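Some structures to go through are shown next.
Here come two complexes built around chain A, the first alongside chain B, the second alongside chain C.
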Partner chain A sequence: MSKLKLSGVSKAYGATLALRRGDLEVMAGEVHVLMGSNGSGKSTLCKIIAGSVRPDAGKILIDNRPITITGPRSARGHGIGIFYQELSLAAHRSVEENICLAALPIKSHLFVDRALLKQRAARYIRLFENVAGEGFSADALVGNLRPDQRQLVEIMKALASEAPILIFDEPTSALDRAQVDRFFEILRDLKRQDRGIIFISHRMDEIKAVGDRVTIIRDGETITTLNLAETDAASVIRLMVGGSGDMPASQSSAPAVVDLADGTAMIVHDLSGVGFRNVSFDVAKGEILGFGGLHGQGQSALLRAIFGAGSISSGEVLIGDSRLDASSPRDAIRRGCAYVSGDRGRDGVISGRPIIENVTPIHYLRDRLMIARPSKLRDKVAPALESMHTKFASLFHPISSLSGGNQQKVIIARWLIDRPDVLLLDDPTKGIDLSAKADLFALIRQLAAEGLGILLYSSEDAELLGNANRILVFNGGSVSRELTGADRTRYNLYQAAYEAA
Partner chain B sequence: MADVAVTPRARAGGIRKLLERYPFLPALVIVAALLLLNGVFSPNSLSYRSLTGLLSTYMALIMLAIAQTYVVYAGDIDLSAGSILSLVNVAIVVLMERWGGGAGAVLLALALGLLLGLACGLVNGIVVAALRLQAIVATFATSIFFTGFALYILPVAGTPAPALFWRTYGGRLLGVPFVFYILAVLVVLLLVLSRTRLVTQLLAVGDDQQAAFQTGLPVVPVRIKGYLLCGLFSALAAFCITGDTASGDPLVGGKMTLYSVAAVVLGGSALSGGWGTVVGSLLGALTIGLINSVVFFMGTPSEWQNFVQGLAILVVLMAGVLAGRRARA
Partner chain C sequence: MTRILTFVREPLIIALVLIAALLYLGEMLSPGFASGGQVLRLLIVASLLGIVAAGQNVVILGGREGIDLSVGGVVSLSAIIAGNVMNGADGGIVPAILACLAAGAFFGLLNGLGVTLLRIPPLVMTLGMLGVLQGLLVVIRMGIPSGRAAPGLSGFVTQPFFFGIPGIIWLWIAIGVLMAFMLHRTVFGHRIYAIGSNEHAAYMAGVPVRLMRIALFMISGMFAAIAGMCLLGYSGSSFANVGEQYTLSSIIAVVFGGTSLAGGKGGYTGTMAGAILLVILQSILTTVNIDESGRQMVFGATLLLLMMFYGRGRAMRA
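Right after this comes the complex of A and B.
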């Protein structure tokens, strides 16, 4: 029996289509797996079902009756419970309060019924008895828990909805083996109760262990739905990648070997910190080293740590022959590091200020300038902006007057006045248009040709394949595979990323 | 050896647990220390009579700090709390005078005062939560509006409140000063409120608004209810100030708004929301009152009093921050 059916659901944020055409049918008593690469629209689809994102178009049917979901409350009313990937917990509330937050038991219409709340929460806490770990108790504050314990609370919270349709968006990413096993036992129980379950995971072994059917989403479109028993990992990955997975066209176009005669630009030796561990690599002058893998596997954390914006617990970073112990970004900039983040709003743009001021801060720092003389600075700023075909009305217009792509060009231009030795690119093309992307990569390749060492993390595999000389695939905070030469294919990249951690 | 290594950590954990349960403990210690200081400079200041005076003077600030706490719970702020106080103050004084100042008139005026406070809270709530304007600027704007309304009702300060009203507030009942009854009722009221679903929801919204929304909490109504509580307690604060000053003044509350915010922070609540206690704010307001009293009893020359007051508040704030940080480390 069909529990939930979506057809032709779509969602756009401004000009970017997050979901082009989402179709999904979940039966009672099945675990339905959603698969797709980064940004393919899985989470958007889940959020539409859960009511926290309003779709632009499409139909939703529950038990074959068409419904409209106006918000998370109405979704709950329709019997939908969800585990959010980014969690939805109140850090200063206790575990039991968080579990029952959506429907606090009340007495006399006004007061929280503490006894009932305790009793209700205990039912779900008991499910994870013995695997929750030290310090986990009903009255512990969620903010004091470890990441895996917080994830368990979010699971309990989703279970407490007792909804006939349950969505789990990457519920196992921080859990250990025993916790995952317990969770899967619970899922099987739920299946027996004829609930419909949507499950997202990037671990092929988990999907095999618990899933019944799989729906594959690519570029915001539902591709197909398969029976997991009748398929294998390789063909699933091939469907996610698209038909041309191992065709020559999807192979890397960048030269596999660069001339190493110029020496190394940066050596990273056994580096560990928050979010990554035991990472070692070296990047030659003139080389573009790509970081691949799923989102949030330590690539950004590593780049930020090298730049002095994150923390390093052990290991070393060498620039040339000397150690770079960047205690702050300021320090790293002085030593010749440059960092461009895809999150412009947080890490790059000085909002509300003119373009010229957005190009010059690094120049100020490196040349220890004290006085701003716009006429002199203009001679340095203009060529830097022109080298990327940046479009702007005048240097004194606010940066917010530019499009996302042009803003990012301005941010990159600030590193071009005084050349760095190493350029750290942290998903630099996030949310910018195609022509700006082309300009950016043309510049990046040119900078490499001029002898910079470049570390490029991109969430779009095509960008890595098109530009990187070598690719390190990250999984769970460390490098799981290095792709060189003819190995740099779309298929290999996906396979390495989706391997069980 | 193992025992030796474990004990200090266990003790630190105990303090941390205690602070998590009672975040107002540092404020309580500071209030005790300030009382002690008062006693050192002027033993007379700890007498029953002086403490009664202190309480009846600062009861309005206590109420206003509590009012502020409920919006701060949800991560909002109300810069119009003091103006609501002024508005209710002049409104009830004018109404009481117009209706003759009898018991019935007083009670009716108070009831209307409460409604007026609630109405102001509703305006703030709609402007901030429903129209999604920035709380800090939007309530600043409504504060100007409320002040204008107060000036319209009573252009110049000075209309006296009926004797019945302020004599009751400043007097005794069964030999016990009336403010102690107010304090007792207030404590019961706060206890009752702290068990309501609304307070838990306010704190959850302040913790992470997006998470609360995704959890399915009615975020907008919850925030509006926070502002309603704020308006209600601002009106109660107005009753106290009317009892204390025995007159109407359309600008009496203006200065008190930021004191109420300071009291909330001194009481250990987080301005970012999601964390705090009303008892802490009560103690924070008392802290401010006691600082003023210490400054007075120290015999600080009047031109230096503001300077010392400001410095003392900074010192207390720092002490609170340090205590909190040590507990969390």
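Right after this comes the complex of A and C.
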């Protein structure tokens, strides 16, 4: 029996089609897996079902009756419960309060019924008995829990909705093996109760273990739905990648081998820290080394740690012949490192200040300047901005008057006055337009040609395949595969990314 | 038209217009209010406030809820130290200056360390420091006036010094020029705005954020110390809570001048105008015999009114 059916659902944000055509049917008593790469439209699809995004077109049926979902409350009213990937917990409240937050038991129309709340929460806490780990109890504050324990609370909260249709968007990302196994037992139990479950995961082994059917989304379109029992990982990945997946990266764009005569720019040896472990690689002068894999597999954490903005627990980073050991970005910058983050708003833009002051901080530090003379600085800042075709009316206008792409060019320009030796790029093109992207990559390749060692993490595979000389694929915090030469294909990149760690 | 409106909404312009209007109003209420000698007296009082507000200004510009509530205590402490070190002798002026600056820097350092190393919010840290200073002053002096200003210091503050204008006003002008230069033409100044606008981005661009913040509190302490000395010169002798009023009025002067309490936006020129405006307002209220509670109400109302006029972009977001 069909529990939930979507047909022809679409959603556009301005000119961007986030979801071109979404067709999905979830049966009662099945775990239905959604698969697609980053930005393929699966989270938009989930948001539409959960009511946080309203579709532009299409039909939604629950139990074969057409319905309209007007918002999250209405979705809940229609029997849809969701596990949120970005944690939605109240850190200063206890585990049991968080579990029952959506529907607090009330007595006398006014007061929270604590006894009933305890009793209700205990039911879900018991499900994860013995696997929740040390320090986990009904009255523990959520803010004091480990990430995996918080994720368990999030799962319990979703279960407590007792909704007939449940959406789990990457519920296992922080869990350990025993916790995952227990969670899958619970899912199987829910299946027996004839609930419909939508399950998003990037791990092939999990999908095979718990899923019944899989729907594949590519470029905003649901491609097909398959029975997981009758298919294998390779064909699922092939469907996700699309027709051109086996084609090697175009050789004209990035050579496979760099002339190594210039020597190495940076060596990373067995580096471990928060979010990554045992990572080793070296990058030659003039080389662009790509970091691939799914989002959040340690790429950003590693780049930030090298730059001195994260913690390193063991291993070493060598720049030239000496250890880097940056204790702060200030240290790293002095030693010739540069870091550009895709999260401009947090890491880059000094909002409200003039463009010129957004370019000069690195120059101040590296040239040990005390006095800022606008006339002198202008001669250094203007060429750096022009080399990237940055559009601006005046250097003294606030940076916030620029578009996202031009802001990012300003942030990159700050590293061009005094050239670094190693450039760390942490998904640098996030949220900027195509022409700005093209300008950025032209510059990045020119910098490589001038002898910089470049580490490039990108969440867009095309950027890696088109620009990186080698690609390290990250999975669960460590490098699972290195792609070189003709191996640098979309297919291989996906396969390495989606394999179990 | 929009451009004119934007121009009119500049806090500095508003403050200057209000200053002129209040002077005119004062002259109407009490002839002689806007006479040369009277204006000079107002400027002397304003420069005392303005010097304290210079330190307050840099701390607020540095952001992260930066505020220095201990300035009032430092002003009092400095007045007492200076009074006792010089004790009426001109020869004691230089040692007094050094002692006061050292004391101001020391308490600023403590504030800075508390805010950066112990991560105590500036509001709490400096409020605590104010309490410590007030207690300290009571313990050393029991509230009895003590120490006398050297004649040289009193003359510098109250007597014409150059072109008929007292030295303290020249000092204030010099501080104004220095502050403008520091904020807009030095790396240090650009870094103040950077940490006030986006502390994390500044950190990622190699700005030593903690050191900067400690430096800002030390600067604030030292400006308060200078003001404390000048206050001693103005009043002749000092008592324990002589500087009390400067905590709140320095903040109001900074906000009057258009500096955002959220940090990263504003400058000292506006604050100077804000200090003058506040002093004239105080003086008018005294002239028309409004009592203390009435004055407080007028201050509060004026502050709110100006905030509305400055527009939402400059709203007090703490």
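The criterion applied here is as follows: the second predicted complex is superposed on the first by the 486 of 501 C-alpha atoms of A that agree within 3 Å, B and C clash if a C-alpha of one lies under 4 Å from a C-alpha of the other, contacts with A are read in each partner's own complex, and residues count from 1 in each chain.
Keep this in mind: a residue touches a chain if its C-beta (ideal position, glycine included) is under 8 Å from a C-beta of that chain, and two chains touch if they have at least 3 such contacts.
Just so we're clear, the structure is a prediction, and the values are computed from it rather than from any experiment.
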item: Touching partner for A:Y84 - first (chain B), second (chain C), both, neither; value: first
item: Touching partner for A:R93 - first (chain B), second (chain C), both, neither; value: first
item: First (chain B), second (chain C), both or neither touched by A:L101; value: first
item: A:T222 touches, of chain B and chain C: first, second, both or neither?; value: neither
item: Contacts of A:Q179 with chain B and chain C, given as first, second, both or neither; value: neither
item: Contacting residues of chain B [partner chain A, same complex]; value: 20, 192, 195-198, 200-201, 203-204, 207-208, 210-218, 274-275
item: Chain A residues within the chain C interface of the complex; value: 307, 309, 328-330, 333-334, 339, 341, 346-353, 357, 360-362, 364-365, 369-374, 414
item: Residue numbers on chain A that touch chain B, as the complex places them; value: 50, 52, 71-73, 75-76, 82, 84, 87-93, 97, 101-102, 104, 106, 110-112, 114, 141, 157
item: Residues of chain C that touch chain A when the two form their complex; value: 184-191, 193-194, 197-198, 200-208, 264-265
